[in-house]
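Scrolling down, you'll hit the structures one after another.
Both complexes shown next keep chain A, but they swap its partner, so chain B is in the first and chain C is in the second.
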Partner chain A sequence: MDRVFGDKKAIAILLGPALFMYTAIMLVPSVWSLFYAFSTGNVIEGFRPVGLDNFRKLLDDPIVPTSLRFTVTYALVITVGQILLGLALALFYVFVLRRASALIRTLVFFPVVLPTVAVGLLFSKMFAIAPQTGPANSLLDLLGFGATDWFSTGSKAFWVIILMDLWRTMGFYAVLLYTGLLDIPGEVLESARLDGAVGWRLLRHIVLPLALPVLISSIIFSLNSSLKVFDSVVALTNGGPGTSTTPLNLYMFQTSFFYSDYGYGSTLAILITTICLTVTLFLFRSSRRDLTKG
Partner chain B sequence: MIRTWRAARTHPTLRTVAAVSAAALLVSGCSAAGTGTKSGSASKPTAFSALFTTENTQIPAELNRLAAGECKAQNDALPLKIEQTPSSNMQQKVQLLAGQDALPVLFAGGNALINKDGALQKSGQLVDVKKALTDLGVADKLTPAASDTIDKLYGGGVYPTIPFQYNIEGIFYNKKIFEEQGIAVPATWDELLAAAAKLKAAKITPFTASGKTGWTISRWVGAYILRDLGPDALKKVADGQAKLTDPEYVRAAQAVADLGKAGYFVDGVTSVDYDTATANLLNGKAAMMYMGSWLLASINDPKKNPLGDAIGFMPVPAVPGGSGSIDQYPANVGAPTAISAKQYSPEVGGWLKCIAENYASGLMETQGAFSGFKMGKPVANVPPLTQDLQKRIDASTSTVLWFEALFNTKATGDASANAAPLLTGAMKPEQYMSLLQNDLSAAQ
Partner chain C sequence: MATRTDLSAPVATRATAPAPPAPSRRRGVNWRRVGNRAWTGLVIAVLLVITIYPLFWMFASSLKTENEFITEPLWSLPRELNFQNYVDAWELGGIGTVIRNSLLVTLPSLFFILALGAAAGFALEVMVWKGRNTVLLLIVGGMMLPLQLILLPLFTIYFRLGLTDSLLPLILTYVGHGLPLTVFLMAAYFRAVPRELFEASTLDGAGVFRAFFSVGLPMVRNGLLTLGLLMFFSVWNDLLIALTFNTSKELSTIQVGLLNFNGEYGSTLYGPLFAGICTTVLGILVVYVFINKQIMKGLAAGSLKG
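Coming up: the complex of A and B.
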């Protein structure tokens, strides 16, 4: 093996195809997109440079602040929800169900494997008021609150999206954190119990600190995927009503491919990349310190 | 970084990897650049290829009928080959095909691409349909109304679309409900409001519309503007002489928002789709719907319309003190259908001539719908409502364009997407008009 890795040609052969693909599929479009951000035009007439016009437009665009607010709020709420629910489920698997958790884990994980579009349709029917009243509104009627149009305002639609995405993804985070909890040595927990640490104290002082590395990884996963939310919103509200549930990713897609404004779409892509990069770097920096020291 | 670069210069392995990457950049870069250039050369067509939206069922059905009937000889010479794609992808698809010199013979190009200043028009990729029909000796088959609408729509001097359809817009209503409630056909906006109030009091939904297909709502705004401010009001906005944020324009959005606030539209309008909205009218669940004459295809279909002759048509009522006339109907020539200049051949001309001579009567006979061509032969057993609309089209002295006709793609999209929030009160009329004006100003 050492001989293989010592052979420069072998390294080139092993690394070359992957690097070629990565360059062709990731780097070139990224650089190309950067070029588009400073241009305007279309594929029929070609592109011409416009300097910083697209970036000025970004500052003046009334949809960008709304879209940014939605994206950040969604990312924060969904991350908190995914981690808390995931952790609660993981604790439930480890400390309550123990060895009997396999069936429940499978059932909770099941929505993860469902196609997002199917889940979107399911929830749109569940919360529908027209043409048929869905189960959610029937329940509200039964309880005497009266049915409501969940998709008539951005604030109501937001909570349906949150509910759907939490149901859809909590199983994944539960399994992720479950594996983290399994790594905690049994004797550590045992000795903590002998010292009188049970319930919240055991969780606060023993379980959470020891599960912190996997917890940080989960937060990074969750924040990054939620900042780039796209498919679930398209399937459920398509960004509506109006643009009130339009995340930046969807707005970028619409700008580029519905309105054929590739230049401005690329500028929005740069904004999204910058946000994701900043959040990731911030989280990496925070997690770099020795987590066992609290 | 510098150290890595130096290492790459001296290290053979890294040099190889760097070379591979550079080659990748070059290859990908070249291919990306290729999409914007006219690299290919279009050869004469081997089929009468046509690209329509998936939602468009009317034109493909009639073309297929012609291919097997009156245009069989033309079809033998150049077989009809229809392809359909969802309307949301059409603009992008046409642009990519145009960029690669791969446009089909007929294609549903967006108005923004084929109008006087459109990219396809400027790059000379379109056939002037009127000129082609003149050369073929069948220009007299075009109806004056269709030509008038095309002039207004595309800025004059260009004729980039085949008028496969000719539609006027107005309010379809349930005559039976009106009779039962003792409501006369409203001639003014105030009478319309009174009728709606009376219907609501009788627990009948006055209006149906689709929030998911928002133009079924936004067209109300356009209709009010045309009645209130006259037929040139939207042209003035397109020309920059007026703004949608001017108080007299915002008044129209306010009038429509007021209809929503009063609860005159169907419950859960935001979630209602197009088929449900029309079914509400045709099943008697709502009394009125703003719609175009293409709805005749459904109205004349007994499976979709159990009410039969109970559906009537009226123009949008006059706004008191307004300068628009009740006789001016918003009109269109259907989904734009352009002909690729590079694909035009004598065989395509043969097809075009056959369409001009036979399409209109065939469409009327089989679907009860109008086109921008004169009928080649009289059609018997035309349903009463179709006859009524035909009379209105013939009697109309001038037509006007619909609300979004002169909007760019972004403004059209926003007008539709935000129409339901305007109606439910989630968006104020000023915000709605300001958003659309922003879209228009950004493109000017």
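Coming up: the complex of A and C.
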């Protein structure tokens, strides 16, 4: 028995290919990019070491604060939106529609699987004002608010990006939280109701505390993916007007491939990695503490 | 990172926790219930409009002629069913080519992610050896590494190896990047298989590989299917990797192709652009209609992972 499942050769054959691919594609390049951060140049012109220059540049670069502010604001707004909308939908599925929710769940989930660029282009035409007025502006006109050029300023474009990403992802968070709510035992809800907890009180004191683990994993997941936002912005505004809707991720991409500065690009990549790791670890630790407190 | 006990075995979706029916009065029309019904209906209607209208508008627009775009408001319906835009999109935007490229990238990536991931999951969970937990942790830790960190060195590697004029960089990167999550989940699926099954198979004289192919894989096939779907959508809809390693129009995937098409013709040729978007969306819709149950089940099973 132990001889069969302890067979070194078999382990090497089974694990080897995956371990090799993982090391070659993920581990080696990750370490390698640390070295890039201390040099400048690109693959065609070659590299030369510059010491800490890239990190000094990072502190002086006026685009970094703008970009960082956009990224963090976007991540916070989208996370709050995704969790609130997802939770509202999940509660609607579980407590109002109950067993009849399958069709609605499936429909609302559909945008999740669509190519982001397709959705981005669709929304850019929906919110367009020139050369043709899109349906969103026609609706605003009809309601008496007046059409507006949504992509003329960063703050207006920001809300179109938020709206589009909420449309795209709310079905996902709804299903995620829905499955979490289903795990709450029926008897617990039943006895809480008998004790007189209904509506808001049932939600606040019974449902939310019991759904906390899945809520926290949803928040971690949401923050982590929104801090790395790229696709939706590229397809919708491409970072503009100016750099007002450029997330760090897109700035890193532009620096590396339009300005061919791999060194500074890697420095930006390290900044993104640091932010994501810090946020995840912080949330993970604080959620652990909360859970043990009960 | 999640500790090993966090990920419980895949569970089947269970029935909805039944809530008691709203209290009803005995006599007359129950106005409260009617009111509740009306609210429910309204919420459903709003949800349907929000979800379906953009897609419906996109489809309607794809049937309009260039003239209709200029003379009529964008929200109006097409006057007749006109499929010329689809022909144009196919020829101008090379929609056929980008779909073929996406398939050529996604299918091999999917195969290797699942094959390598399942084998590694088996080696790390069913096989018994010193250091397997360390290796599992090392691989799973990769989930924390964002793509941005690996793109530039990878570009250098592919460039030096002379791979940049092919679809290989995409496939290799997707496989490497998809492995941490796949190995993590495969190990969890194998953990849920009763150990006695593997022991019994060795008593019957089966070797490791027999145990893997004939006992292990069939036992985790639901997990494989779920992971396959997850990976399919993440590879099919990826933009960052595809854009980084894309060097020519002939090698564009769907996402990159749509972006290029919009850049070239998007401000003038509305009809073909909408037709192009529609084609890619309809393709996914067909897939989705067949597999949405499996997606929901998979999400339910994996929802507790931290």
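FYI, the second predicted complex is superposed on the first by the 275 of 294 C-alpha atoms of A that agree within 3 Å, B and C clash if a C-alpha of one lies under 4 Å from a C-alpha of the other, contacts with A are read in each partner's own complex, and residues count from 1 in each chain.
Criterion: contacts are C-beta pairs under 8 Å (C-beta built on N, C-alpha and C of every residue); 3 or more make two chains touch, one makes a residue touch a chain.
It should be emphasised that the depicted structure is a prediction, and the values quoted were computed from it without experimental measurement.
Engineer: Is A:V28 touching anything from chain B or chain C once the two structures are fitted on A? First, second, both or neither.
Structural biologist: The answer is both, since A:V28 touches chain B and chain C.
Engineer: Between chain B (first) and chain C (second), which does A:L19 come into contact with in this model arrangement: first, second, both, or neither?
Structural biologist: In the superposed model, A:L19 contacts both chain B and chain C.
Engineer: More residues of chain A are touched by which partner: chain B or chain C?
Structural biologist: Of chain B and chain C, the partner in contact with more residues of chain A is C.
Engineer: Does chain B (first) or chain C (second) touch A:T273, or do both, or does neither?
Structural biologist: After superposition on chain A, A:T273 lies in contact with chain C alone.
Engineer: Once chain A of both complexes is superposed, is A:L208 in touch with chain B (first), chain C (second), both, or neither?
Structural biologist: neither
Engineer: With the two structures laid over each other on chain A, which partner does A:P131 touch: chain B (first), chain C (second), both, or neither?
Structural biologist: both
Engineer: Under the stated touch criterion, which partner chain does A:L76 make contact with: chain B (first), chain C (second), both, or neither?
Structural biologist: neither
Engineer: Just to be sure I read the superposition right, which of the two partners does A:V198 touch: chain B = first, chain C = second, or both, or neither?
Structural biologist: Neither partner.
Engineer: Identify the partner contact of A:K8: answer first if only chain B is touched, second if only chain C is, both if each is, neither if none is.
Structural biologist: both
Engineer: By the touch definition at the top of the document, which applies to A:L84: first (chain B), second (chain C), both, or neither?
Structural biologist: In the superposition, A:L84 touches no partner, neither chain B nor chain C.
Engineer: Which residues of chain A are in contact with chain B in one complex and with chain C in the other?
Structural biologist: On chain A, the residues that contact chain B in one structure and chain C in the other are 8, 11, 15, 19, 21, 24, 27-29, 32, 43-44, 128, 131, 257.
Engineer: Flag every residue of chain A that touches chain C in the complex, lowest number first.
Structural biologist: 1-2, 4-8, 10-11, 13-15, 17-19, 21-22, 24-30, 32-33, 36, 43-44, 89, 92, 94-99, 101, 104-111, 113-118, 121-123, 125-126, 128, 131-135, 138, 167, 171-172, 175-176, 179-180, 182, 184-186, 189-190, 193, 213-214, 216-217, 220, 228, 230-231, 234-235, 249, 252-253, 256-257, 262, 265-266, 268-270, 272-273, 276-277, 280, 284
Engineer: Please give the residue numbers of chain A that touch chain B in the complex, ascending.
Structural biologist: 8-9, 11-12, 15-16, 19-21, 23-24, 27-29, 31-32, 41-47, 57, 62, 124, 128-131, 149, 151-154, 239-244, 254, 257-261
Engineer: Would you pull the chain C residues touching chain A in the complex into a rising list?
Structural biologist: Per the stated touch rule, the residues are 13-20, 40, 43-44, 47-48, 50-52, 54, 57-58, 61, 69-70, 73-75, 112, 116-117, 119-120, 122-124, 126-129, 135, 139, 142, 144-157, 159-160, 172-173, 175-177, 179-180, 183, 198-199, 202-203, 207-209, 211-212, 233, 236-237, 239-240, 243-244, 254-256, 258-259, 262, 266-267, 270, 273-274, 277, 280-281, 284-285, 287-288, 292, 295-296, 299-300, 303-306.
Engineer: What part of chain B is in contact with chain A in the complex they form?
Structural biologist: Touching chain A from chain B are residues 11-13, 16-17, 20-21, 23-25, 27-29, 32, 35-37, 88, 91-92, 95-96, 98-99, 113, 119-120, 122-123, 125, 211, 266-272, 276, 279, 408-410, 413-414, 417-418, 420-421, 424, 426-427, 434-435, 438, 442.
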